[in-house]
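Order of writing sets the chain letters: A, B and C. Residues in each chain are counted from 1.
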Amino acid sequence: MTAVTTPPKKQAQRGQPGQSSPKLAYLPILFLAFAIGIPLLIIVVYSFLEKPSQGTGVKWVFTLENYKALFIQEKLDGTTVLDTRYIKVLWTSFYYSIITTVVTLVLSIPVAMWIATRDARKRNLLVALVTLPFWISILIRTYGMRQIIADEGPIGKFLGLFDISFSILYTPTATILGLIYVFLPFMILPIYASAERFDFRLAEAAYDLGAKRMTVVRRVILPSIRPGVISGIALVFIPALGSFLQSDMLGGGKTNMVANVIANNFGQARNWPFGSALAVLLIVLTLLFVLIMQGAAKKRGDKVELV
Amino acid sequence: MSHSQTASRKRGKLVNLRNFPGFNPTAWFVLFFLYSPLLYVVIYSFNSSRIGAVWESFSVKWYGKVFENTDIQRALKNSLQVGFVATVLSTILAVMAALGLLRMQRAGKAVAMALIGAPLIIAEIVLAVGTLGLFIAVGVPLGKVGLIVAHTAFCIPFALLPIRARLSQLDMAPFEAASDLGANEREILRRITLPLLAPAIFAGALLAFAISIDDFITSFFVAGPGATTLPVYIFGMIRSTVTPEVNAISTLLLLFSGSVLIGSYLIQRKRR
Amino acid sequence: MASNKRRRASYVAALAAAGALLLSACGGGSTEGEDIGASGEFPTSGSGVVNVYNWTDYIDPEELKRFTAETGIEVILDTYDSNETLLAKLQSGATGYDVIVPSDYMVEQMIELNLLQNIGVSSFPNGGNIKDNLMDVYWDPGRNYTAPWNYGTTGIACNFAAEPECANIKSWKDYFTAGLDKMDSLKDQVEVVSAALRATGVGPDDLCTTDKAKYIAAEELLAGFKPAVIESDGGIERVTAGTSNVRHAWNGSTHRMTEENPDVQFIYPSEGLNLWADNLAVPVGAPNLDNAKIFINWMMDAKAAGAQSNFSGYDNGIKGSDAFMNESLKTDPAVVVPADKQALISPLPNCDEEARELYTQVFTTWTTGQ
């Protein structure tokens, strides 16, 4: 989780609760190296190995074929062509995630600002309402969405009254809608956290000095919620990119996002090395995105730290 | 309606900002959007029809089915067992990590943060299949033990979040006073640090538990026979044909999540 | 290859009258299995659990309850969506399953890979209940590793009321090129690719061809086939709810759709269709071997097999089970193959590795090209 904070004042090292020695951290680090580090290493190693003749698992023979297969297809007729299928899968994942991020952002700024400008009691209730979905299984929320947007669901029935046909389940639209639905609170909350700290007297001062409403928004309000926006983008975009359930349940089981293709290669398709190569590519692209975000935030003087 | 201090001071202008055009309807639309699928699930869990989308009549028979269904109970038991153990382990490890990291050298800290941050940044599917590879390599049978290891690992960063946030806000005076009075490291930890961190540790544990209980992908890949967790079981149900029963379990889970949240809120308020 | 073909030929002979099995077996009456323990070595009593790994929505929960009540063994059920998923799970170290349900060709693969245990099924107390024509099957001659479970065919389910085009779907080619909304496909490489091969003119005896040109033609046909859903699970729900109208479907699931909605009917594609036979088997490393044997033997009882067929909608390989079957099942042309359709049926292709690899390639190209 990329949390963006303005740098805190340097604190004296003496007398900190961290009198406790750094040795305390060795056990958790060791454990994480085992349970997180080694699995990642294994995926990297797998991606350079051959697929055994029986499918599942790996054959310990070094090869670069899996990476080649991401971009070049040896067709059945013996010709090799540029393979756009996996590029397309990656692009689809990016494209869905970008739309999800943009839509959640556009919806969240007004909502966060609106909540921040309610009075205290109402504000707490609203924050609780936005937080609650965090605690509800993503599976169940996605399933609820599937029932709502099913052809014979409530929207379909309502539009049916006006003879408008409604059929979006098992299309990309449904997947994107599911992503927006599931990740929306991840965008609202960090923006709200920033907006809550915003001193609305600044906006008033700007009004008093004769600024137009849009100018106030652009020059005063938006800059002050920027850390929340950056956090929100990271919190929505990164998990959306690797999401599995939404495309599986709402997209009709067609393997059109990268996580589904990886899962399929470790399941029915039984090609672990190729699935691993795709996973490595996904890791690299995700890290690239994080670095870009960090770079962008640093330029603006915000400090971005992981966790 | 009680207004904040600022609001009452400059009511005219603020009303202007409060009622920014479009904010109000957007907010209500978003709340509606967030809750209508959940509401649908709750309402249709009381539908007697077997076909999900057709309302027949009010009935609680699907709840009866859920309570009769031993598979669901077993899956729930697995989820709770794995969730509980993973929560305890990940919270302990997170506290240790949070305290140890404070005094760690730069390089070590960078490695540690990379490992802790990995589950938040790297797609879960990648870690899931990697963990499968690990268990095969080490010979861990697919089952609850493996599940607990995997869940503990990805719960640590979530447990850590509130603990680190709290640590950075702590007032240093008690620590300085204690060490001036000659208290040793262990005493400070036990008598000052941990009590001060308690609400954050509780919040972290709650977060870890929620993440573990909700996990699907990792459990799907590394849960072997007999270790099916509730999300994996529900996923299987959704894929087959028993729709209304899923709505009933979902409603029960909603109720559970809601009461855990309210309960923890009440506990925390009492503590304050 | 040659031996493959020969074995396949004998299987074809054995099941030539598969569709008529139900009818011909009528009047056989029930042959209640002997009590467990009648045969010397057979485990007598059970306790604890049996971990069953079966296809989704393929086993009657009421029968499982009855099994537990009668034997004291609790059933833990886990599900999968294809033979390949089952194989993947077993190969990736899921050793805790006691009973699995692979189809014919997969049994042969699994025996070759040493994944199954020889448990001497035919000498089980209920071993005598195995239908004669399902005894000497190519994947397990004499029935040592496996007990017969359900068998059926794979064709097309169509909702004739909701989709008028159903009347024009007579073949696989029609199905793949229909281009309708609300189309639905299995996610099963053997079924999808073999149907595409048939649609492009490959005969039933040649479905394991290694002639790449034939796969290229199938690939080209599939390139234009973009169903709304590609999923083996949940088809019954989607079709009965009206989310899908045309589906590549097993006959038993189609029977269940017809029960819910008589407008849904099973289509026998003119290029022919696959006959498959599923089996109960015990994987190597099963922790509860005795319970697994008790479970398999119990399921080979005529009453249990009949009840199971009533639930799943397929015929089964147990003598006398028809006495316990619903009338609607015994008269559904989807389940009981009509005389004029018998010639269309041929077994699920059991291909060697080279052909399997080609199947995988065509299937992957299709699914990732969606």
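In this section, contacts are C-beta pairs under 8 Å (C-beta built on N, C-alpha and C of every residue); 3 or more make two chains touch, one makes a residue touch a chain.
Quantities reported herein were computed from a predicted structural model and do not represent experimental measurements.
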>> Using the touch rule stated at the top, which two chains are linked by the largest number of C-beta contacts?
In response: A-B
> So which chain is farthest from chain B, going by the mean of the CA atoms in each chain?
Replying inline: C
> For chain A and chain C, what's the span in angstrom between their mean Cα positions?
Replying inline: 40
>> Distance between chain A and chain B based on Cα centroids, please, to the nearest Å.
In response: 17
> At which residue positions does chain C touch at least two other chains?
Replying inline: 81, 92, 231, 241
> Where in chain B do residues touch two or more other chains at once?
Replying inline: 52-53, 132, 136, 238
> Can you list the chain A residues in contact with two or more other chains?
Replying inline: 57, 150, 152, 266
> Okay, in this complex, where on chain C does chain A touch?
Replying inline: 81-82, 84-85, 87-88, 91-92, 113, 181-182, 187, 189, 212-213, 215-216, 219, 227-231, 241-243, 353, 358, 360-365, 367-370
> Touching chain A in the complex: which residues of chain B?
Replying inline: 1-4, 6-7, 10, 13-14, 16-18, 20, 22-24, 26-27, 30-31, 33-38, 40-41, 44, 52-54, 93-94, 96-97, 99-105, 108, 111-127, 129-134, 136-137, 149-150, 152-154, 156-157, 160-161, 164, 167-168, 170, 172, 175-176, 179, 185, 188-189, 192-193, 196-197, 210, 213-214, 216-217, 221, 231, 234-235, 238, 246, 250, 253-254, 257-258, 260-261
> Tell me, which parts of chain A touch chain B in their complex?
Replying inline: 1-2, 8, 11-12, 14-29, 31-43, 46, 57, 107-108, 110-111, 113-115, 117-121, 126, 128-141, 143-145, 147-148, 150, 152-154, 181, 184-185, 188, 199-201, 203-204, 207-208, 213, 238-239, 241-245, 249, 258-259, 262-263, 266, 272, 275-276, 279, 282-283, 286-287, 290, 305-307
> How about chain B: which of its residues touch chain C in the complex?
Replying inline: 51-53, 70-71, 74, 132, 135-136, 141-143, 224-226, 228, 236, 238-241, 243
> For the complex, which residues does chain C have touching chain B?
Replying inline: 49, 51, 53, 56-57, 74, 76-79, 81, 92-98, 231, 233-234, 236-237, 240-241, 260
